[in-house]
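We just call them A, B, C, D and E in the order they show up, numbering each chain from 1.
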């Protein structure tokens, strides 16, 4: 099968106080196109750094990162990346923040943005299209950032803890929304989360990273069918996966 | 709260009135001769007497200021953007921009006259010279001292460097841009007055030297008064614009 | 009118009664009659020579001293006429200071603009009067005006033009002692101000110079004959000036423009030579200047 | 990368060399008279000839610059902090600060002399007057255009207003403070040169007027050259300090 | 029993695009001193706004907020408040960020900061004391902010989603740390979280808020003994609490 992301022996260090800080060590990750892959691992192990590298924001690393068949050193990949911080532009209101990717690619005029209104209200932001980021709650900011990411170009989505600030209900709704659109468009999704159940529920594959320096220590396939139903969480398979992953994380 | 704001707004007129009254009384009490420091009343009288003449001169100077300020604004913005985009340009041009500020104007005055004649051009150029530097320093500093996070976000969105500039850096540079503009605003009128050195027939600067050389101190002060009023006006227009442009709770 | 020749003259200072002849020629249409369209420009002080030499302006107002300096540096400018026949500048002090001759300069504070020439001039005068030049005291006051300076008490005497600052003092009822420079030492009876042009103008535009000077001469003659009307003309052109000062100054100058000369504007070689020598001897110019090239009377008395 | 930086560093010397050579050749080819624009070689010669004299003058001016700049710095910092803390003070003082910049220096210079005597004091004061404004505008703008979040954090910690000022506002104001400082640095030397009009015995301004009055254009340019070098030096010292103080990836 | 926080009929609105936005409506909350109280509720319902009001950052509200017996309108309360954003000072390194509260209260010199080293390494930050915030991962920043909050003065702690960016293991460790120090010092803790299990595990009482405008719609006592053991999560009481809260949140 075609690989959307192919990472081979990725090593990455930072310099911290003039000392080398190894963050990623021989990371290998093969993501088939159209798969939903979660990455879990302890805080500070290098998950965000991995995403930053895939997105082309970290230039100095060893090993190779191939996205859609092209080495990212050669050409900046088309990737829809939601960073861990929401990074809304404080001088733009919600709508203008959301449409930023369209504006940049020059498609704002040609794209029918009618569907946006629907998504905005699905996300519970209908009263806030004119509001500025500092007038939003933490969870609302995150939802705005997710919508914006959805409008970015690219067949690959990198989502770095996209639901961290959401309550259980909103989170469920947005998980379902995400699965729905993912099944419709079949983008490749790489998904960082701290919620093991969320990882299992959403993914085809879960990668587990070790504490810093981050290595891939586990990689399991989740064998539930699609579309998924909520009640799989009560199956023993689900619970087995969860136990397995928790033990891999030493929880 | 309301009350506080009111006394705040009043504090300036009050302090100003106190100053004027103190000045007037001091001149009376000390019998300071007019040619040293004229009383405010004498200045007012001179202002009224010379009003038509002064207005003619004001029109000339104001034109120089407006043309010069706008040219400087455009020039600064273009240059700043270019320098931030093209590093080599910055490295080459920056020192010359500083140099342009360090050459005393009274050395440049005759050269400007020789190069650009006696029309309005050399005067406008001097206003440009005075104004473009603070604007450029402020803007360049603003454009280059932003956090890299938003830059990165736009890189991820495959924004071109100039999109990054326009969509992220420029909005973030606004406070510093405006502080440069304000400094320039404060200097522009004086710049125009000075510029009239390069050979003029009319203008507040001409009125100024003439009053000075004929020992008409009150008229001289009247002229300075107009310079001050024009400068303050420009400054407050800029401050007002700033408040419109920057959506942010003011801390003052 | 439309095809009148455009001519620019740059002044040395704020327009004043030294310049009345120019304004009269302008207002009375003398320039127009010669087919000249004249603009009078007030530039930064001390820049007229350079501007005239560069050709940006055809004429200018200078001083014998500055023309000599300019020529010493190879700047090809020429004096066309002495606006005032004798040096009307001198040393003024408030009457109560009792400074009536260079002898009294001893231990008194002179306020000047900081030129080494001032010091040399003062020393020369003191020596000539048998005073001790070592007791000369100078404070540099730059561009400050005489009255402000004197009022501080920091300065006892200063170098002024009688026809301007001297008149102003009289109008204010301030009593001054005045030592006229030209009277106390002949060498300092040089021409100030003068009308200047460049060598190139004379070489290439002789006719224009002729026309210009003809009108100027008429202007100054008018001033000599009708000081009050001339003053009005100046005031009309330069309303910023102090009315009384201009009128009184104009009356004073009416006799001074031509004075004892054969005709208005005449310049004598000995006057040029004398002061040039003095500048040379005191080391202000590196080489002697050929004064015959520094001035010409050719365009006068037309 | 390395290579790019090198050409970057070289671009200025190269452009400078090109300029000088072009200038020299132009003067030769056009036979421009010395009194209009002297050739660089003539300027160099004048510089060498007058070097001892020039150095004496430089020392005087430099002293004025240093004293004035430091005083302005202290004054600006104190005033800015006070104005940001005490709103009424801001409302009262701000207009007068602008006014102080709009009164032409050549009106103030003689007055300063009358008020402050003929020593170094009035000159230093003029340098102060020239420098304090850009520093203050930059600093005040920097202190007041910060996001309120960190302020709030410190409020929660029961920080006093002056602690908030020092621990949050001041560090955040650094980029703007430095842009003000840079503008002031560029002006300070010229300010000192101008100040010498108010009557000085020595200084680059005196040398300047003397060369000008005696039409020694090459010497005049040599003097201007020193003014430029001093200004650039000061400017780059400030830029260097800035890099030390502000821990941030530079975008230029 | 003594009330540490006593909120009566608190109403709070913002103006958004010139319209009134009701955020809190008649919120009543009584927190006994020394209790651990969690607040859960949908994203955007006003939880953070409630905390900001208690901390004295929002001045315009109706109703009354009494902290330790004093109306906060009269005197700013002593409160250790961890805001939802981590708000580290970017120009200060980790250590200097942490000790900021001591520095402000002038106690930096008198306080023995030796214990800090221990806490820093308990929080897994031992290699990062000299690092600057932009050199930390999201979870590390949150831990730094929590440590800093711990050093703030006040017998009341407000924690706004303090563990949102932490992985399961780190989260557990820090939960335990928090319970331990809480039991030792018995500060009153108000705790916002989106994790229902976390709320039950940690708290004496859980308040549930409705969607905006936020009202308290449920308030239950959690009757587990102290110190708590991890295995209570498997008890049926725990599961009942969880069901109950989920139904209150309509999950």
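Structural remarks
Operating definition for what follows: a residue touches a chain if its C-beta (ideal position, glycine included) is under 8 Å from a C-beta of that chain, and two chains touch if they have at least 3 such contacts.
No experiment lies behind these values; they were computed from the predicted model shown.
Contact analysis places B-D first among chain pairs (by count of C-beta pairs in contact).
With centres computed as the average of Cα coordinates, no chain lies farther from subunit E than C.
Subunit B and subunit D have CA centres that are 17 Å apart.
Inter-chain centre distance (subunit A to subunit B, centres taken as mean C-alpha positions): 50 Å.
Between the CA-based centres of subunit C and subunit D the separation comes to 37 Å, rounded to the whole angstrom. In subunit E, the positions touching at least two other chains are 85. Across the assembly, subunit C contributes 50, 54, 145, 148, 151 as residues in contact with two or more other chains. Looking at subunit B, residues 36, 114, 147, 212 sit in touch with two or more other chains. Those residues of subunit D that touch subunit B in the shared complex are 7-9, 11-12, 15, 36-37, 84, 87-88, 90-92, 95, 98-99, 101-105, 107, 114, 133-134, 137-138, 140-148, 151, 175-176, 178-180, 182-183, 186-187, 189-190, 193-194, 205, 208, 212, 220, 224, 227-228, 230-232, 235, 246, 248-252. Those residues of subunit D that touch subunit C in the shared complex are 33-36, 106, 109-111, 113-114, 117-118, 196-201, 206, 209-210, 212-217.
Listed in rising order, the residues of subunit E touching subunit A in the complex are 14, 16-17, 21, 40-44, 47-49, 84-85, 124, 127-128, 130-131, 135-140, 143, 161, 164-172, 194-196, 246, 249-251. Within the complex formed with subunit A, the subunit B residues making contact are 149-150, 152-159, 163, 167-168, 171, 247. Taken in their complex, subunit A has these residues touching subunit B: 55-57, 76, 78-79, 81, 83, 85, 87, 89, 91, 100-101, 103-105, 132, 152-153.
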